[in-house]
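Just so it is clear, A, B, C and D label the chains in written order, and each chain counts residues from 1 on its own.
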Amino acid sequence: MIWSRLLKGLGRIDDVELNRKHIDRIYDSFMPNDVYIGLEGFFKKNFDELSKAKNIKEFLWIIGKMLPEKNESILKTAYRNKIPIFCPAISDSAIGLMIWGQMLKGKKMMLGHFDDLNDIIELSWSSKKTGVIYVGGGVPKNYIQQALQFSKSASYAVQISTDIPQYGGSSGADLKEGISWGKLSKNAMYVNVICDATIALPLIYAAVKERF
Amino acid sequence: MIWSRLLKGLGRIDDVELNRKHIDRIYDSFMPNDVYIGLEGFFKKNFDELSKAKNIKEFLWIIGKMLPEKNESILKTAYRNKIPIFCPAISDSAIGLMIWGQMLKGKKMMLGHFDDLNDIIELSWSSKKTGVIYVGGGVPKNYIQQALQFSKSASYAVQISTDIPQYGGSSGADLKEGISWGKLSKNAMYVNVICDATIALPLIYAAVKERF
Amino acid sequence: MIWSRLLKGLGRIDDVELNRKHIDRIYDSFMPNDVYIGLEGFFKKNFDELSKAKNIKEFLWIIGKMLPEKNESILKTAYRNKIPIFCPAISDSAIGLMIWGQMLKGKKMMLGHFDDLNDIIELSWSSKKTGVIYVGGGVPKNYIQQALQFSKSASYAVQISTDIPQYGGSSGADLKEGISWGKLSKNAMYVNVICDATIALPLIYAAVKERF
Amino acid sequence: MIWSRLLKGLGRIDDVELNRKHIDRIYDSFMPNDVYIGLEGFFKKNFDELSKAKNIKEFLWIIGKMLPEKNESILKTAYRNKIPIFCPAISDSAIGLMIWGQMLKGKKMMLGHFDDLNDIIELSWSSKKTGVIYVGGGVPKNYIQQALQFSKSASYAVQISTDIPQYGGSSGADLKEGISWGKLSKNAMYVNVICDATIALPLIYAAVKERF
């Protein structure tokens, strides 16, 4: 939806000029600001349906359901295959802003804040073995880590990040650290990949594909 | 509450041994896992009061209110001075886990997901001028950035982060990029500090204190 | 010579144990310390021939010449194709140590310190256009940069490094900075690649090969 | 000599404009290119004296000796206190370029390439205990490391660097790795500081000063 109009360019550019032209820069990618108009239209039109969701997972599936049949986005693919997407920080996004916009006009939406936490921990408990692939750090990594802590420690783990352990944050923490917490099994197989995920992930995917 | 029992040590250590001793490692800091017992007691005892909160900001003030008068934590200080704390990803935390634990036992809590977004944007709109200090990146940085985008662009900005623009993420993005989005004024004064915030922030604080 | 006996392993390992087994660790690569014995033998046997070199470039070609015909090392390939290798910090290497060892026994070698500088500047002056590919930073990058400063600025430049401009050193300096010095042409085409060169270089090589 | 005319500014600047004004940029420092004129004069005038040096250590002491009595530079201070400065990559510097310039005019200078290696290894052998402080990586770090390998392993080590072990290079290598090589004692006290040295070094200096 939003990203289909994203353009690639160079990072060294005049941001004042871009602002005048209503182009939003994301390092070396460029997005016309009017994507927000289409986004707003979508949320205005579909808000009643969307607000039937009781939690974030359901909310994201409803968006996936609404997308055209041939759409190949993550949300459509997840909906089609009933793969849950947990997104605890959804209010920190363009989607969050759109919901805020509708609520300003008096619309209501009430998503269960802690339902996802329930689902992700259940998912881990009910699995025979757990394995994780972290693409980057931040909230997504930590959210999975704490689910593992309170369910079943991971037997397999891959982490792709440009952050490093020495700064002490969760994003860069070595997977091994998780052994102390019970997030990672003491016999787990794991590897920390310190690399931009847009470089490392396709290489890993190609290597896996070659073998199977 | 939790951190008072945190110990400093060395990062190079046997995590299997730590796990056996119920010590959780955070790089070179060590936390006895039983802090969760105290935390659980607190939430069990106070859940009814806490669940009166209608949104995250109120919820965090209620915790602050409950803390002992002499407590010098961030939550107590913020409550005392009526400084709002916005925390969109609260379910991704030990607090989130404690609430989940209480809900498993049938307790209810319903925090307005998008109220904070409303408050933070209002705060920016109603200010004569806006300025930001980002300590690290992640959700906190982006949440403030999107509030600025939909209100008043910042006239002053400081960013302390170990992440860099070239990986393309929000955490490492140069403040200047915000000019294209309208998050930063085109005449803003700003500086990107690429350093561990635990080193840079005290130095900045000391320099500011020396001058005023 | 030296690297043929290098083994790959894991970085998390007991260095005291390795020391006892006479294995030298280079992050996740392992080298039996007795490679130095073979190296010492080579230098002992060939020192008279090697000491005929008047400068470092000649010295490295003589080693290349001595290597077996089928050898595919960089030194052999460079000798075969008469490609000069400039190595201003040669005393900071295993080769340097071997020469020092021979000199302790009274042998003599006198390499012109500044001849390479002469050659590399000449090479740039006599080229119609200059282009550079920096794989990593350090002395090699700066040595080429200063040659460009005193001859012909580069029209093309690629830099692959994990270092970044913000720390202020030469290794991480943005290529663009070279325009101020006259090291890079103001109309040059250039790109800074912030990535481990062992990942980025093969990808670039494959992409170039695919196109030609 | 050179640095006294260095100015501080901002990294975001037009390098083409700087080039036109003959200002050389080093990230956010700016140097008028005509410092090279003063440098050239110095070398032209003093070359006969300088060329009496038999190796790099002597050469640097002679420069130190020539500097005005009140000069507080590193070279003057080192000369005054007879502290050897080992600089294996001296041809990779403005000094190297100046010597090259004089040699173009037929002057001669012959510095023993491997004498410093001899001196630094001797220094380590003759010490009761060895300790090292690496400020940054590159040739200086490795040159000291290989001296330790062939003499007495370090009992104390501090490393300040922004580079990290995971990229596999010498600059970022964890000090612990040196235990396998015999560069660091297995009972050594050591610490790796991952921080810009211009931030960390003054803090360490202040902390040491406070204690003694």
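We adopt the following convention: a residue touches a chain if its C-beta (ideal position, glycine included) is under 8 Å from a C-beta of that chain, and two chains touch if they have at least 3 such contacts.
Just so you know, these numbers come straight off a predicted model, no measurement behind them.
Asker: Looking at chain pairs C-D and B-C, which one is connected by more C-beta pairs in contact?
Answerer: Of C-D and B-C, it is C-D that has more C-beta pairs in contact.
Asker: Among the chains here, which has the CA centroid at the largest distance from chain B's centroid?
Answerer: C
Asker: For the two copies chain A and chain B, what rotation in degrees overlays their C-alpha atoms? Round to the nearest 5.
Answerer: 180
Asker: How big is the gap, in whole Å, between where the Cα atoms of chain C centre and where those of chain D centre?
Answerer: The answer is 20 Å.
Asker: List the centre-to-centre spacing of chain A and chain C in whole Å, with centres computed as mean CA coordinates.
Answerer: Whole-Å distance between the two chain centres: 42.
Asker: For chain B and chain C, let me know how many angstrom lie between their CA-based centres, rounded off.
Answerer: Spacing between the chain centres: roughly 46 Å.
Asker: Can you pull out the residues of chain D that are in contact with at least two other chains?
Answerer: Each of 164, 166-167, 176, 194, 196 in chain D touches at least two other chains.
Asker: Spell out the part of chain D that touches chain A in their complex, as residue ranges.
Answerer: So the residues of chain D in touch with chain A come to 164, 166-167, 192, 194.
Asker: How about chain D: which of its residues touch chain C in the complex?
Answerer: Of all residues in chain D, those touching chain C are 11, 15-16, 18-19, 23-29, 33, 88-94, 96-97, 99-100, 103-104, 109-114, 116-118, 121, 136, 138-139, 142-143, 146, 150, 162-169, 171, 173, 176-182, 186, 196, 198.
Asker: Chain D touches which residues of chain B in the complex?
Answerer: Residues of chain B touching chain D: 12, 176, 194-196, 199-200, 203.
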